[in-house]
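Have a look at these structures, which come just after this line.
Here subunit A shows up in two complexes: once beside subunit B, once beside subunit C.
And then the complex of A and B:
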């Protein structure tokens, strides 16, 4: 009897209007790193569900203040009612951009892959330019990228081309697909090489299906159509793989796009099936370990390391597999620093009017990193690493770098 | 993912259970939903304020009160946890608070009586130092100080209510308001905004001097809303009290609770930095049971359900606050075993119209065995290796009897002991 009744009535309000699940408890505002650092941001509760109640497809979008949302998603993982707070903000911002047009900066930052292809082709010149004060001043004036923000170095040899020359191992237990993302392809090929070496060491063959940018730079720069275009293309190609083939990502945010945002935010057909097969690299290695399949014949790595958990990793809902993995390695002295968001949030902290705010958000983390005085700060996300290096003047690495060292691939 | 013991929850019960397991050298993983139920509670630790829902006379000696309660009601969750559970859990928590850098006071032997934001006396057992000067067992006059534009604390209301019940003479309670620097009374601001501002030395000194000037006389103590810093480590309270020149006490206001935030964030960091794995995830659900044992539970992770495989589980859910228990129109069904925890013909049966009367919904939860295992109608455990702690246990109203904290500690501690033995 109970079942019949609950089928008829239960939770209908939330199903028909999910925004009504918001009870205005304000938990999101208390964890929001932007709201913690500035009083000009009205906070996720107001800009998300509260404003959403007044938004309509027929009316022009009101976008004031929305750009201050950095997209860290801490509000969403915190919400006790699972309200998709940040998605409401993104959709409204995107609608505003569709109606009012996009800025040059939104176009540039949204087209990371195009930009990186160009940067990589002209690597020495692009890197020189990115470090030249005059160029940076122009870049700030014309595009709106803050002159003090160090930009990633481009590499002439991309991971894609390296992989083509890389001989495939002969005897393997299984094959996985690697979604390496723009960062590994154009800026940190070494990380990709390490991922491949580690997997191969464990008897796993790695293939790299053709891929586009995951789309997150476009999402956060008010261009969801572009993100959907990239995402659909990725989903199409990844769907062509054998249905039981796992997909590995080494970038936290790319992984989250594939796992979750393609299906939910961008509503791409077939994305759920693909997302269910996507694993973060450390998550995957830990699974191998639990199944007794990980080679744990590690060399000692005598280093004092500090682990910073990226915000988007929290959205994965898998804990911090990197810390579990690193504790298997002899010699590693690992501490966790828990000072919240680093502040960069992808392209957010690059923008001229957001740079100072981004440094303020990260200041607590920078202080903790300086006080700890470790050899390196580990973070799974590439822009977190950029920010920690810039803000705390420390070295940083992906946790995989330490695993690779322990296998003698340092 | 595998663990020795998985604890699900985010309130005091979950924290105490996790700490108990960690201290015993067990590999615990804490699955929490990214916020704490402490954000929504008073965040003092109330062991027993009233012996039942009808009396208005506060309990003076909580430990003795609990012993009497156990003797009178052998099925009460305190009886299941045992007085020993309460004592050991409290010792563990007090030591932990000290280790994490908190300054708290109180013991199980006696209750303090503290004024609430509406000026009613409330019995509490363990409280932060920053609240202790409000103790109504002291006789010195009280000045409630509010801030223009901050509507979550109305000093006149607190003063008027307290002067009626406290009875220390006509001029023993009064209310003042000051204007805060850099906060326009016409703007919207919350206790969180204020708490951040109070971490700034210049702001704090200016407020202190305005309060001092406004009060003008000596020999009083000052009650202000609990906004003295959002993180504990800045030691805002002691500097501020010195600057005001009177004993100062904080009064908790509406959620999100600044005191709860301070408490939880600090303990969470402490436990995480001590090496306990915490999984920040959407609610856990779905217990996979075979042969009377829970084999796995599942997390709603990005992209797929994430199994957690443990030898034993502690479900330290706090009512509905951490999102695990959700009410439908008629029923509340638990997300792990799909047991109906409550059924009402009309949703209104769950609530009493008066906010100040006992609320039926407050006592909804899992029926448990004497070992705190969730059980079916007939009292048979739903799974032998699952143990329930805190507000998710049925049959008591933690708000009405002012016993939320003590029960969280006692059942959290006891559930952890049972989980280790399972």
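And then the complex of A and C:
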């Protein structure tokens, strides 16, 4: 009898669409850094699954307050029902922007790579301009980037060109591909050098396939088409690599795009396969350690360090491999500051109308960092590091920097 | 001497009774409506909300179809905030459906229903939800959604503005008579048990499926056949327009996008009593299965609840049963038929034709009272107070953040996030003496009608019972428990997938976090209405206003 009923049941009831799974438990609202910091944001539950009920069939889409979502994805991490909350919000944001036309700022911030190429070519001038109050005032008026937000420094020598001159090691156990991303290429070449040095020290040859921007700046600046163009190109190039070659990313958000968003948000063909081979650098090193392959002959690094876990790292669902890794290093005194989102969320905190909110979101973290005192604040994400330096006035580094020091590459 | 007197007492707070009350008040006749539950708590509120173009009846019931055509057009004019002009599709998915088509086209032509055959590809472009089983499509621009709650409340509020009165949860237990003339009614308050008499010159029995029970109090017979229909509510609209199967009306062949949800309907089964409406799993199953034949998304949407309504089919003496019976209505002049003056019944019909039904019975009673003012309900718009009748579909835009950045005033909290109910939407109803349970608030505002089925808004509303209605804590908590109980009755029929998980969350919030069951055992006043209906709340203050 029971069997009979069960059969009837499964005939009738197909698997529900993911948006239906929201049980209004409100867990997402409790972790949302934006909702915590402003009263004018209704929170992920309302703007995501709840509004989604209305969007597809309503003439007036629910869009008010949507732009305040910074895209940290903590809601998705915390959702007990696996509702892709932020993806619903993101799609609605972009639909609204597509209907309303893109702004100059969205174009500028979306084309990070283009902008960075230019910035890098004119590095001294660009860096001077980015720090010049008059230029910044103009930038604020014309483009809408807040004058107080420090912008990343450009480097004339890109990681790409450095890598071309870098001699490949002779004896290696295996080869990995490195997705270095725009940040390493144009702004922090040293991090890329350290990644290469650490991997080579462990007998791993690093190659750098030709690559575009991962696309996340375009996604968050209402340009899904551009993001899809970048993404498809990256997926195509990475698919050409040998099928068993692992892919390493040192930027949390680039890694998240490759691992997850290409396949799910952008629905790029073949992205699932590529994504399955992508690892965050610290995740990869920890895997090596677990396999007994990591060289743990570390020199002591006597530093007092704080670790801030970036929101997008939490989305990877890999825990905090950096902290595990750093605790292998003698002398390291590491503490986690568990104060949530730093507030910058990529280009979100650069925008003139979101700067204050961004600083307010990060204020708890800033206070904790100031109170704790440290030699450096570690974070896997570049914009988190920018924000901590700006908000807490502290030094910051990628955890890899400490590993490199322990290997004597400091 | 009766406690109060009026011109006409209308029994029944469904669409017909509300329509009659408005019609009377517009003709300048003093009237009181008495209803043993809440407004729209019987047949009307349990309809599927299809505003009939007439297409569904044009083959088998031409007279009813013609009435639907005319009344549908009138409602589009006078009840704009109540009607969603969605248009509708009639789709064929089987050989039998295709064979039905010529008769359908002929019927539409006879009834004057606009009906256009459109290529399937074109239809899919307009309505991507149409399933792959769909073979041919007719576009019926005059099908739509008619919100039964707004309709009844809109009629009643319109009548109240003209001096009419409403008493909910007030049951008629007997009649006052002078020889063979009805001179008033005896009523009993469901919650307090208080008896009141209302003197009047005429009584209109607009109780639909319950008409026989009311008539029996005067020892006259009105033969109404109660026919049950089961409906399933899906969590979102699924389609842009209503979808009907193009075949002989049968089970599970209607999908109505209704405000924020979609309603699948319906079944047809004779029941012994209008309040005995069991819902069986195979009925729910059948609705979803048949609905999925017409539209994609039916089987992947979340089924939120199931409910059953009862059709008040009037036995015209024919052999027909259930669906075969006419949806036509009849005005019974009991003076002419049974020799009882001052009493008329209005039976049969449909929500779509409620206004015409009201007009006909009011014509009769007005004539008997010597009132010559003609009916104007077809000309005067129902709703001259837009804010009170604000339709849900307008709310998303209103919920906006006008000047987001730098405006630290903050957003107003919502009462019900699922259905976008704002505090100002519920506030006036707390002051209305006709509103006596949280279910009544729900019917007037849609609070609690979304996917969580009142898990969240129930406690917010309970809080407002204290702050806005002046109830004490235990009474408000009891009202909340009763509200959850009535919601639960519909939800338990769809316990699988998300709605089952939802119920677990509701249980967690109310039984574990609030410890509600323990409070019910020890600290709370008992439910006033006992089994079968949510308890009402009433304070001395509110009662004294009545």
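Methods note: the second predicted complex is superposed on the first by the 388 of 410 C-alpha atoms of A that agree within 3 Å, B and C clash if a C-alpha of one lies under 4 Å from a C-alpha of the other, contacts with A are read in each partner's own complex, and residues count from 1 in each chain.
Note that a contact is a pair of C-beta atoms (placed from the backbone, for glycine too) under 8 Å apart; a residue touches a chain by one contact, two chains touch by 3 or more.
Source: prediction; values computed, not measured.
Looking at the shared chain after the overlay, A:39 reaches both subunit B and subunit C. After overlaying the two complexes on the shared chain, residue contacts for A:278 are found with subunit B alone; subunit C is out of touch.
Look at A:118: by the touch rule set out above, it reaches neither subunit B nor subunit C.
Applying the stated contact rule after C-alpha superposition, one finds that A:156 touches neither subunit B nor subunit C. Contact with subunit C, but none with subunit B, is seen for A:54 once the two complexes are overlaid on the shared chain.
Of the two partner chains placed by superposition, only subunit B is touched by A:82; subunit C is not. Shared-chain residue A:354: touches subunit C; no touch with subunit B. Touch criterion met: A:316 reaches subunit B, while subunit C stays clear of it. Touch criterion met: A:25 reaches subunit B and subunit C at once.
When the two complexes are laid over each other on chain A, subunit A has residues 5, 9, 11-12, 25-26, 39, 81 in contact with both subunit B and subunit C. Residues 2, 5-6, 9-12, 25-27, 29-31, 36, 39, 74, 77-82, 256, 258-260, 275-276, 278, 286, 290, 314-320, 323-324, 335-336, 338 of subunit A are the ones touching subunit B in the complex. Of all residues in subunit B, those touching subunit A in their complex are 1-2, 29, 33-35, 39-40, 190, 192-193, 196, 255-256, 261, 268-269, 272-273, 277-282, 299-304, 306, 321-323, 326, 328-331, 333, 340, 343.
Across the complex, subunit A meets subunit C through its residues 5, 8-9, 11-17, 20-26, 38-42, 45-46, 50-51, 53-54, 56-65, 67-68, 81, 353-354, 357. Residues 235-237, 239-240, 257, 260, 281, 285, 288-289, 297, 299-303, 393-394, 396-397, 399-401, 404-411, 414, 417-418, 420, 450-452, 455-456, 496-498, 501-502, 504-505 of subunit C are the ones that touch subunit A when the two sit in their complex.
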